[in-house]
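First comes the structure, then the notes that go with it.
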Amino acid sequence: MALALQTFSTVKDANAALKAAGTRYLGGGTLVVRAANEGDVSVSSLIRSTEPVLSAITVSGSEVHIGASVTMAAIARHPDLAALSGAARAVGGPAIRNMATVGGNLFAPAPYGDFTVALLALDASVSTDGGDLPIETFLAKRESHHAIVTAVGFSLPVDGGFRFLKVSRVKPKGVSVLSIAAVLEQAPDGTVSSARIALGCMADRSMRAKAAEKALLGRKLTSDGIAPALAAASDGTSPVTDPIASAWYRNEVLSVHLGRLLLG
Amino acid sequence: MELRKSYFADQRKDDLHEIGQPRPRSDSPGHVTGKTAYFADRNFPGMVHLKMVRSPHHHARIRSIDISEAEKHPGVVKVLTAKDVPHNVYTILILIQIGPEDETVLADGKVRWKGEAVVAVLAETERAAQEAAAKVKVDYEVLPAVFDMEEALKPGAPIVNEYHGQNYYLYDSGECRKVRFGDVEAGFAGADHVLEQTYQSSPIEHAPTETTGCVVAPEGNDRFTCYTNTQAMFFTLDNTSIILQMPGNKLHFVGGTVGGGFGGKVDVIVEPIAILGAKLTGHPVSFIYSREEEMQISSPRAAEKVVIKDGVMKDGRIVARKVTGYTDAGAYSRHSPYGAQKGAGHYPGPYTIPNVWIDTYCVYTNRTPSSAMRGFGVTIGDFALEVQMDKLARLIGMDPLEFRFINAYRDGDMKAHRQPTEGAALIECMQEASRAANWPVAEKYLAMSSYAKGA
Amino acid sequence: MAIRRGRGVAAINYPTGMNLGGDPTQALVHSTPTGNFMVTLSSVDLGQGMKQIMAQICAETIGVPTDRVVVDTADTDTGPHCMGTFASRGTHRAGNAVIQAAREARQVMLEVAAEELEVNASDLETDGLGNILVKGAPQKSISIFDVALSAHFKRGRSISGRGMFLIPRSYPEKETGAMKPSTCYAHACTVAEVEVDDETGEVTVLTVKNVFEIGRALNPKMVEQQLVGGSWMGISHALYETTEPYYPSRDHGGTDFNQYLMPGPGDLAQTEIIVLERPSADGPYGAKGPGEMCANPQIPAVANAVFDAVGVRIDTLPITPERILRALKAQAGAPN
Amino acid sequence: MAKVPVQFTLNGAEKAEFIDSGTTLLHALRDKIGDTSPKGGCHQGTCGACSVIIDGELRLSCLTLAETCNGATITTTSGLSEGGVLHPLQRAFLDAFATQCGFCTPGMIMAAKVLLDHTPNPSREDVVEALSGNICRCTGYEPIIQAVLTAARSNSQHAA
């Protein structure tokens, strides 16, 4: 079967079309068209929807909704999303960022998916026509998920509360050795009152560093203060081994980079 | 960049008009406007696309190949197997009498590396060729494979390539190319220190931005024009002529600007099968490596292992050097016997050493055949030699740069392969590096010259 | 955390041309009716600028400006045989063939000019601008334009020449390895300065100072192109590149430019290039092949600099952060 | 196979073609329209040789389906010079000897053009970032970075 593209004006119609065999949703094309170019003949029909909501960014107060078709470049330049621009800019080079979408990033396997690491730390919700799911739940079963992701939603972190780090071998664009996103809240005395830390490349998809989060509570962001969190950073990780780095290396340097992010 | 004209001024006349002038490149206007024609910029009506079915196994016997479903696939024009290739077993260096023929254009009975070409599918679109390729059924009996050169050289290792009969290339000098100069064991015996170290590399890809490929157009008169990015026009034409048993006058090769070579486009891989496809179908044929093929299927620079044993005196003189080099050819020879031999001519490096022993081996393993790359036979050897030089200098407590001056070759010095040194300039390069990098060395080294002693 | 700095040196030589010789290249040169010159070859331009260099060599030899020369190459129907563009042989082998062909064409050109000027050909010289002058009496001259017209339409002479360059093949002696691998060698010395992060094993190459001796810089800007690009590739080989990161395991080979690592534009070392010229006896205008050797000395120089910085030897390429980190941990006696 | 119409403006000229659905813009430009200045270096989105400018944004034509470009304005490197006069970026690449094999050059120039369109006086860091999706194997990048910085300077002088 030759490859063909079907375009629908509504998500609903696109979802219906996706029920057919051999279909796949086309976001920015960076994963799906690449697979077709590389000879993946399992997909014969690409489905997309042009429903405007998919391309919308809405910010009301601290509540943010980003349509699934919004590109990394659009996030990076959005004045209300300045806190996230570093994470959006961590994806690909300029051309890729003009194409790669928020929705697509949720499905990108390690070592890709850096923006999803940020979304996981933000504890985003992932929306489909069927409703919303916490991102952690969504990621755990993303392969079995067939409805089109329409948007992600999250609350903006407090000023300076969001930290992001991507470690790559090649600069400035290389893919991840690992990436770390952290959303931290600190009490007036500087102790950490709330922490969410997400890791990229430390498993086949973004994961939370829950032991490190817990170990950070009530501690100050000093070398001594973060030591228990660093010691717990690798709890539960099963990093990928790939051409960029081995699982051993990723585990070895995770705490180093987490420490630098927390103290930075 | 700075030209330092003060060196060797007595050997050079700077009286030229065009040579030495930074003339603009005649090809650049085409590059910056996108007008330069690369082979893939040719498009012909009715052109069909060739996709290769490749071995998923490192080493396997082929029990059977079933192409019937692929042939029936819509858009498919032709499916080629080994029996379609007139002279299927070949080796490219046969042109300079380096045999035996040891590689198949399309696998016949056996595959020896993961990615080896088994069946060629020609179809009206790339997609149809990909779909049909997925319908080719090959029944394999997986065989034990060997990836490590040391393992491959052990008795009882699986034989990678029966055309050689053993897992190394057999030179006229035996299992390796040898250089023997002086008495290396006596040199070690008399040395103040002996240091033996092992160096290792893994395969390296040329990674040109333009992948390997060709576009073939039948001229309608039994001649075929092949637009190709080969680095060697007649080398490719003549090998194609042998493989296709087609007189050379039926072949017309057109090259031009190549989108980067670095040694990666001197194997003769895409042209013969594409021309065969054009001959058997009457269609123009395009066969262009995907980036994945360029990365993992096209020949890389060989992995090498280099063992260096040196005898050195406290005063800095290297008195004996023994080098054993292993070149991982992968499953087939291609240019590797030549590269391993080039290493034998390159060691012991640009140093004058009275006792030298060199063995270089070309070893077969079940991996992608390696071949030429920028610095072929030398690059990895230089890494090993020059790290070894650093270690030796530190071993005897000497500055690494001064240590090199002491041993540097000069005009007239006899090399291990028994050629007198001519035109040496290592000393002057090091003198200039000492200045440029502010790496001080004793005055006596700055006063040295590559010219023959006493000249 | 400590960023530790070190520097290392390496010196190398490199043969010009196919190992052991036996690799011919031919060239044909002819003039058009208006005194432009065609060089016909089958050599391939890989991007190093072979066509431009052949034009300059032909122009120098004939005695015309380079823009009067057109190079037609890489067509087996028109160009005579060339062994190929590899082994740093393009400039050396094809350049010599072009010189020989251009000299023969120049001789015919001077003979026709001599007839026009009614002097001996041996009394003539070119001014490099497109004119032929009588030595010592430059007011007596003729343009190459007019000479070519005369040769074509009046005197029936073909201003053309044939060139062939072959280094006879050397066969290594079996027992001793006595052989002649090459007729000339280029040289280089590189000093590299690095920083190593001793907690992650990451290496930053701060500076590379490269001195290259290449016989003759036929076109200095093009030489610079190759040497700068080669220096980058050397660093790339030292620290990044492999198709089999876990060699000899065949697993995890990269299949794209994200996985096959090379330094990006944000990883560039400050690079200095110094060129020396010791003309080779048999090179075209003394040139040797710079294209390959320029990527070699950086590899050991970087390796030695890493040792200088952190005191561990990485004898396996590429020198990855992982290899450095493992070595540092072993050095510290920690289990790895 | 069903053909679908595509219509867009390419380098100032209206183009209309019938193509196979699912055809990438790269193939449509090269094989149907005959603009071979975008190069197919990987078809994976990892080399940048196919870069084109679509409605002012840098995009990879190898990962863009042509039929999603209906009504778009597309610029390629072959459309930059006007009346035989090279664009300042093209001139700068020539003068800086920033091309060797030339295969990456059209994509590099596209990436650089988008940068200069939005950031007329870029820092070196800006240039490095702008070129970061484009692979060059010959030059070591430095001459290309210098060419872009030179073009920016000549642009600003021209504007002043």
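A, B, C and D are the chain letters, set down in written order, and residue numbers restart from 1 in every chain.
Following the convention adopted for this analysis, a contact is a pair of C-beta atoms (placed from the backbone, for glycine too) under 8 Å apart; a residue touches a chain by one contact, two chains touch by 3 or more.
Composition by chain, UniProt nomenclature: A = Oxidoreductase; B = Dehydrogenase; C = Aldehyde oxidase; D = succinate dehydrogenase.
Predicted, not measured: the structure shown is a model, and the values here were computed from it.
Colleague: Can you give me the shortest step count from chain C to chain D, moving only between touching chains?
Modeller: Steps on the shortest route: 1.
Colleague: Count of steps on the shortest touching-chain route from chain A to chain C?
Modeller: Steps on the shortest route: 1.
Colleague: So, comparing C-alpha centroids, which chain is the farthest one from chain A?
Modeller: Checked the centroid distances; the maximum from chain A is C.
Colleague: If you count the C-beta pairs in contact for each pair of chains, which pair comes out on top?
Modeller: Ranked by contacting C-beta pairs, first place goes to B-C.
Colleague: Let me have the rounded angstrom distance from the C-alpha centre of chain B over to the C-alpha centre of chain D, please.
Modeller: Whole-Å distance between the two chain centres: 33.
Colleague: What's the distance between the Cα centroids of chain A and chain D, rounded to whole Å?
Modeller: Computed from C-alpha means, the inter-chain centre distance equals 29 Å.
Colleague: Counting in whole Å, what is the centre-to-centre distance of chain A and chain B, each centre being its mean C-alpha position?
Modeller: It comes to 42 Å between the two C-alpha centres.
Colleague: Can you work out the whole-Å distance between the CA centroids of chain B and chain C?
Modeller: So the centroids are 17 Å from each other.
Colleague: Could you tell me which residues belong to chain D and also touch two or more other chains?
Modeller: 20, 22, 42-44, 46-47, 97, 100-103, 128-129, 132, 135, 137-138, in rising order.
Colleague: Going through chain B residue by residue, note those that touch at least 2 other chains and give them in order.
Modeller: 25, 27, 125, 127, 207, 257-262, 290-292
Colleague: In chain A, what residues contact two or more other chains?
Modeller: Answer for chain A, listing residues that touch two or more other chains: 2-3, 36, 38, 172-173.
Colleague: Just say which it is for the chain contacts: an open line, a closed ring, a star, complete, or other.
Modeller: Per interface graph, the chains form a complete graph.
Colleague: Help me check something: in the complex, which residues belonging to chain C touch chain B?
Modeller: For chain C paired with chain B, touching residues are 7-15, 19-20, 22, 42-47, 49, 51-52, 55-57, 59-60, 63, 65-66, 71, 73-77, 79, 81-87, 128, 169, 172, 174-182, 184-185, 187-191, 209, 211-213, 216-224, 227-228, 230, 233, 237-238, 241-245, 247-250, 253-257, 260, 262, 272-281, 285-286, 291-293, 295-297, 299-301, 303-304, 307, 313, 315-318.
Colleague: What residues of chain B sit close enough to touch chain D in their complex?
Modeller: Answer in residue numbers: 24-25, 27-38, 40-41, 43, 125, 127, 206-211, 257-262, 288, 290-292.
Colleague: Show me the residue ranges of chain C that touch chain A in the complex, using the header's touch definition.
Modeller: Residue list for chain C touching chain A: 1, 199-201, 240, 242, 245-246, 252-254, 258-267, 321-322, 325.
Colleague: Mind pulling up the chain D residues that touch chain A in the complex?
Modeller: Going by the criterion above, the answer is residues 1-2, 4, 20-22, 24, 43-45, 48, 51, 57-60, 62-65, 67-68, 111, 114-115, 128-130, 132-134.
Colleague: Would you pull the chain A residues touching chain C in the complex into a rising list?
Modeller: Interface residues on the chain A side: 167, 169-175, 241-246, 248-249, 252-253, 256-257, 260.
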